[in-house]
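In the two complexes that follow, chain A is the common piece, with chain B as its partner first and chain C second.
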Partner chain A sequence: MKRAPSIFFYLPAGVVFSVFFWLPLGGLLLESFRPFTPGRIGAVSDAPLTLANYEELLTPSFLEFFVQTLRISLFASLVGLVFSFTLAYWITRRMSPRGRAIAIGFFVSLMFLSVLVRTYALELTFGAAGPFRAILLSFGVYPNSRGYIEVLVAAGLLHYIVPLATLTLLTTIQNVDPRLFDAAQTLGAPGWRAHLSVTLPLCRDGLLAAFLFSFAFSISAFVIPMILGKGRVLFVSNLIYNRFSEIADFPSGAAISAVLFAVSITIVYLTTRYVNRREAG
Partner chain B sequence: MTKLSRRQALSATVAFGGVSMAGGLLGSPRPAAASTEITAVEWGGDVVDAMKQIEAKQNQVKVNWVLHQGGSGAILPKIKASWPHPEYDYVSGWEGSFNGMVKEDWLVPVTTQTVPNLADIPQKIIVKNGKGEWAAVPRAIGGIYCAYRKDTSPIEIKSIDDLFDSRLKGKICWPGPTQAMMLPLVALALHGGGNENNMEPGWALMKKLAQSGNIGRVGVTDTDFSTSLTSGETSVGYYSEPQLTAVAKSFPVVRLTKQEGVPTFLYQSGFAILKNRPNLEATLAFVNFCISPEMSSLYAEVAGEAPLNVKAKSPDALKHLAFTPQEFDKYVYVPDFNVVLSQQDAWSKRWESEIAPLL
Partner chain C sequence: MGRKIDDLFSGLGRVMNGFIICFLIIPLVVTSLMAFDARPYLGPLPPPALSTRWFSKFFSDDYFLRGLGVSLELALISVCLSVCIGVITAVALDRSNSRARELMTSLFVSPLIVPPVVTGFAILIFLSKLGVVNGFARLLCGHLIITIPYTIRATLNGVLGIDKSLTEAALTLGARERHAFWDITFPLARTGILCGGIFAFVVSLDDVAISIMLTDAKTYTLPVALVSSMRANFDLTLAAVSVLLMGLTLALIFVLEKTVGLNQVIGQGTFR
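And then the complex of A and B:
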C-alpha cells in the first residue's frame, strides 16, 4: 500500500500558521503603505500607496525610542541571563532532589502569575509613593528621576525573564557532564576558569535560546513600560498602541510595527549567526 | 459493584432535571420578559456606577456594560473593524470621539421626537453632523482644568507660571499626548499668547516644563492620574472632572476653575447612538431616560459631572463648574474643536519627538 506523502501531515498546521500569522502580517505591511487623514479612523480607502508613514520615522527622536527600547531590553536580558544561569546551575548541581523539585515548582508557578500583578507589585513597593521611598531618598536616589524609572522598568522585565530563562537553562546544564568540570579542575584550572572554558561553551546553545526568549519578550513588552515607565520611559510597543488605539492612525502604527519586526528579526539572525560561527571556529 | 436499575436511572434523571429547571427559574437574574438587552460602552469607575444606578431605576432595558479601555478613541478602531455591523448600541464619549464618529457617518441622528428630553438641553452644545442634524445626546458637562492637593502640594498655585516653580519637582502629573485632547497644551499656548491655531508658545512652555523636572508622571490613562494623585506620588494635575472628583472624595483638592490666567475647558459627555443595531427604539428610550431631570441629578451626584438638563439639580460639590455668563467669559476658554481634533495626530507625534526625550 502506498504511503501518503508526509506533507499531508504538515499541511493543516501550515495552513493554520499561514492564515493566523502570515496573512495578518501581510495585511499589516500593506496598511503601512496607506495614507491617513487626521481626524478620521484608520487608512483612507482607495487612495494610492505612500511611503509617508516610513518617512515620518526617519527622525532622531524616533531612533531614540528604538535605542531606548533596545538598550533597556538588552540590559534586562543580559542581567537576567547571568542571574538565571547562576540559579539554574545551583538548582541542578547543588540542590537535593527534593529541593530541586520545590525550586522548579516555584519557578513554574511564577510563570502562572499575571505580568500585571507582578508589575503593580513593583510599582507599589518601589514607586515614588512606596514604602521604600524614604530609604531611596536617604541613599540619594530620587524615585522620580529618569534613571530610576529606567531601572524600575528593567526590574519589571527581569521579574518575567528570570523564571523563564532559569527553566530554559535547567535542561541545558543537566546535559553537561559534571565530570568534565572535575577533569578541568584536576588539570589545575581554578573553578572560575573551568566554568569559563568548559561549562559555558557547552551551554552555548541553551544560553542563546534563553537570551533570545528573554530579548523577544523584553523588546515587545507593553504593560511593563506602560505602568512602570510613568509615561516618561516608553517602549516602541507603547507608541504602536498609541497609534492604533488612541489616535486611530493605523498606517503609522503598522509602519512602526513593521520596522520593529524587521529590527527584531535582524538581531535574532545576527546573534544566532555569531554564536554558530564561534562554535564552528 | 452496585448496579443501577432502569427504574433507579429514570427516577434520578427526572429528579435531576426537575432540580435543574427549578434552579434555572429561581436563580435567573433576568428581569421580566418585557426588557430588551442593549450593549453600551461606558467609562469605568464612578461613571459606570452612576449608569448602573440609573439602569436599576427602570425595567424596560437591560444593559450589557462594556468599559472604555484607554482614551475615548480606543473603541473607534473596534467599531471600524466590525462596521457596518457594530457590536454596541451606544458609546459614551465626548466632542473628541463624537466628531470622529460623525465623520465616519456611524451615528443615528436624534431629535426631540425620538429623545424628548433633548428639549431641556441647551441646543448650542449639541454636536451636529454635516447635514446640521443633531448627532449625539449630551448628558453632562465636565471640566478640564488645573487642580492640586492642598495637603501635599509644596506651594499654592495661582497661575500657570507656578507650575515651573522648582519646589514642584516631580510633583506634577501631566496628561499624555492622547489624553484630554491635549487641551492642557492649549492652556500653555494661551498663557504664552497663542491659541489652538498658533501652538508655538504652548510647545515652548511645554518643553520648558518637561526640562524643569517638575513632571513626575505623564498620565497615559485616567487611572494613572487618579492613582498618582491619591497615592501622593504627585500633587498637581491638569486633567478632567471624573478623575479630579475621585481624588477630591478623599483628599482636599483646590480646583482652579475660577482662577484668572489658568484656563478652564468644558467638555460635554454623552451618548453616541450607532446605526445598524436591532434595538434602536429601546436604546433611544433608555438614553432619553438617562437625561431626564431626576436621572441627570443622580448622574451628577455619583459621577461628578454637572447636569446639562436645565431642570436637573446640580449638587453643591460641582459648584466649581457653575459659571455666570461673566465668569464663563473670564475663566472658560472654548477652543475650535475642529482644529483641536484635526491636530491630535500631529500634536501627538510632535510630543513624541520634542517633549518625550526631555522627560
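And then the complex of A and C:
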C-alpha cells in the first residue's frame, strides 16, 4: 500500500504554471526596467536597467488614465453594491422557494453569458445609433458626449457586477438570522431603523467582499471600455494593449502592467483578509 | 411616521429592483429582436419585417468562420488538457496536509486575480523571446493558464467531499491504488470534474483580453474577430452571433442544472 508521493502529481500543473505564468510575469517585471528602443520589438536583452518607464507614468497624461479607471470603477462598484444588496435581500426574504430558484438560475445564466455579447447588446441598445437615441436627445443627452460615454462604460461594468455581487450577497443575507430583525421591530424600532442597526452591520463583511470583487473586476476590465468607450474613455488595460499594438513599446506596456498588477493584488489581499476573518468568526 | 418611511423604502426598493432587472434584460431582448431584422441597415425598433439574413451572412463570412473554427478547436483542446491537469492536481492537493493544500491552491488559482491583459502581455513578451511565433501554440498557452484554475478548484471540491474511508476500504481489501482511483474517486468526483470542464469551456470561448495579445494574422479566435469588426463597422451580423452565443449559454446552463445543480455552481463562482 505504498502511495506515490504527492509531489509527483504536482508536476504537470507546476510545470505549466512555471513556464507559462510565473516566469513570464518575472520577465514582464524585468522588461519594465529596460529602455525602449523605437522601431525595435522588445527591449535589447542586455540593456542597462532604468526607471524611465515608471517615471513616464507619473506625468499627468498617464496619471489621467489611472484616475479615470479608478473613478469609473469606484462609481460602478458602489452603484452595483446598492442595487445588488436590494436585489439579494428581495430574493432571500420576499420570494417563494420556486421564485428564488428561478432568480438564481437567471443570475447564473447571466454570469455565464459572454461579456462580449453583453457589451455589444448595450452598445446596440443605448449607443449612438440605438433605438433610444431619440429619447436621449429629447432629454438633452447627447449619445456622443463624453459624460454619456462614461456612464455607458459604467453601465457595461454594472451588467457584470450586479449578477456577481447579487449571488455573493445571497449567502451573506441568508446567514443573517431574520429573528434578529423581528426582535428589533418588536422592541419598537421601525423597519428602516432595524435594517440600519441590525441587518446592515451583520452583512458588513459580505458587502465589503462584494464591493472588492466588483472593484477588482472593474479596474482590470478590457473589452467593456474598449467597445463602449469608443477610444475616448480608455482604461489602463486598454492603454497596455495600445502600447503593444500601436507603437510596440513593450517596456512601457510592461511598466503599466506592473502597476496595474500591484493595484489588483492589493485589492485581492484586502479581500482575502476580510473574507477569511468572516469565515473564522 | 415610522410606517410611512418603511413603506417609502420598500416602495423605493421595488422600483430599484424593477429598474435593474429591466436594465439587465432589455439589451438582450433588443439584440435578439434586431438579429432578425430584415432591413439591410441599422434602423429603429421594432423591425418592420423579420428574416434570418444576418445569420446566413455570418455562416457565409470566411473571416468569422475561421475565428469560430479556431475558437472551438482551442476550447476543446484547452478543456481536455486542463481537465486532465486539474484532476491530477486535485489528487495531489487532496493528499497534502491542509496547510500545503491552502498554499498550493492559492498558487494555482492566482491567474484569476491577475488582470488578463497583464497575463496576455507577459506571455507574449516571454514567448517572443523564446522565438515561439505559432499563433495557435501561443493561444493554447494563454488559455491553459486561465482554464486550469477552474478545473483544479471544481475537481478539488468534488474530491474533498469523498469519504476517505471508501478509498481506504478498497485498499485494505487489496485493490491497487490505481484501481481505487478509477473505481471510487473518479466516479464520485465526476460532477465536480464536469463542472470544471464546463467552466473551462466557457472561459476559453469568451476570452478576449489574453487572446488579442497572442493571435497572429491567420490564427485568431471568434471573440477577437468580433471585437475588431465591432470597431470597424457596426453590423447586425454581430447581433446574430450574440443570439447564437446566448443559445449556447442557455444550453450549458441546462446541462449544469440537470447534472450538477445550479446551487452547487454558485459555490464555485469566479472569485471564491
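Annotations
Note that in this section the second predicted complex is superposed on the first by the 238 of 281 C-alpha atoms of A that agree within 3 Å, B and C clash if a C-alpha of one lies under 4 Å from a C-alpha of the other, contacts with A are read in each partner's own complex, and residues count from 1 in each chain.
Here, a contact is a pair of C-beta atoms (placed from the backbone, for glycine too) under 8 Å apart; a residue touches a chain by one contact, two chains touch by 3 or more.
These numbers were taken from a predicted model, which means no experiment stands behind them.
Applying the stated contact rule after C-alpha superposition, one finds that A:Pro131 touches chain C and leaves chain B untouched. For chain A, the partner with contacts to more residues, out of chain B and chain C, is C. In the superposition on chain A, no contact is made by A:Asn53 with either chain B or chain C. Touch criterion not met for A:Thr92: it reaches neither chain B nor chain C. Contacts of A:Ser77 after superposition: neither chain B nor chain C is touched. Looking at the shared chain after the overlay, A:Met226 reaches both chain B and chain C.
When the two complexes are overlaid on their common chain A, residue A:Thr69 makes contact with neither chain B nor chain C. Of the two partner chains placed around the shared chain by superposition, neither chain B nor chain C is touched by A:Thr199.
Once the two complexes are laid over each other on the shared chain, residue contacts for A:Phe36 go to chain B alone; chain C is not touched. In the superposition on chain A, contact is made by A:Phe250 with both chain B and chain C.
Under the contact criterion defined above, the residues of chain A that touch both chain B in one complex and chain C in the other are 41-42, 127, 129, 226, 244, 250. Chain B meets chain A in the complex at residues 69-71, 73-74, 76-77, 79-80, 99-100, 103-104, 169-170, 176-178, 215-220, 224, 231-234, 341-346, 348-349, 352-354, 356-357, 359. Note for the complex: chain C touches chain A at residues 1-3, 5-6, 9-10, 13-14, 16-17, 20-21, 23-24, 26-28, 30-31, 34, 42, 44-45, 84-86, 88-89, 91-92, 95-96, 104, 107-108, 110-111, 113-119, 121-129, 141-142, 144-145, 148, 152, 171, 177, 202, 205-206, 208-209, 212-213, 223, 226-227, 230-231, 234, 238-239, 241-242, 245-246, 249-250, 252-253, 256-257, 262-263, 265-266, 269-271. Across the complex, chain B is touched by residues 36, 38-42, 56, 59, 61-62, 64-65, 127-129, 142, 144, 146, 226, 230-232, 234, 238-239, 242, 244-250, 252 of chain A. Those residues of chain A that touch chain C in the shared complex are 1, 3-4, 6-10, 12-13, 16-17, 20-21, 23-25, 27-28, 31, 41-42, 45, 82-83, 86-87, 89-90, 101, 104-105, 108-118, 120-127, 129-131, 133-134, 155, 158-159, 162-164, 167-168, 170-171, 190-193, 213, 216-217, 219-220, 222-223, 226-227, 237, 240-241, 244, 250, 253-254, 257, 260-261, 264-265, 268, 271.
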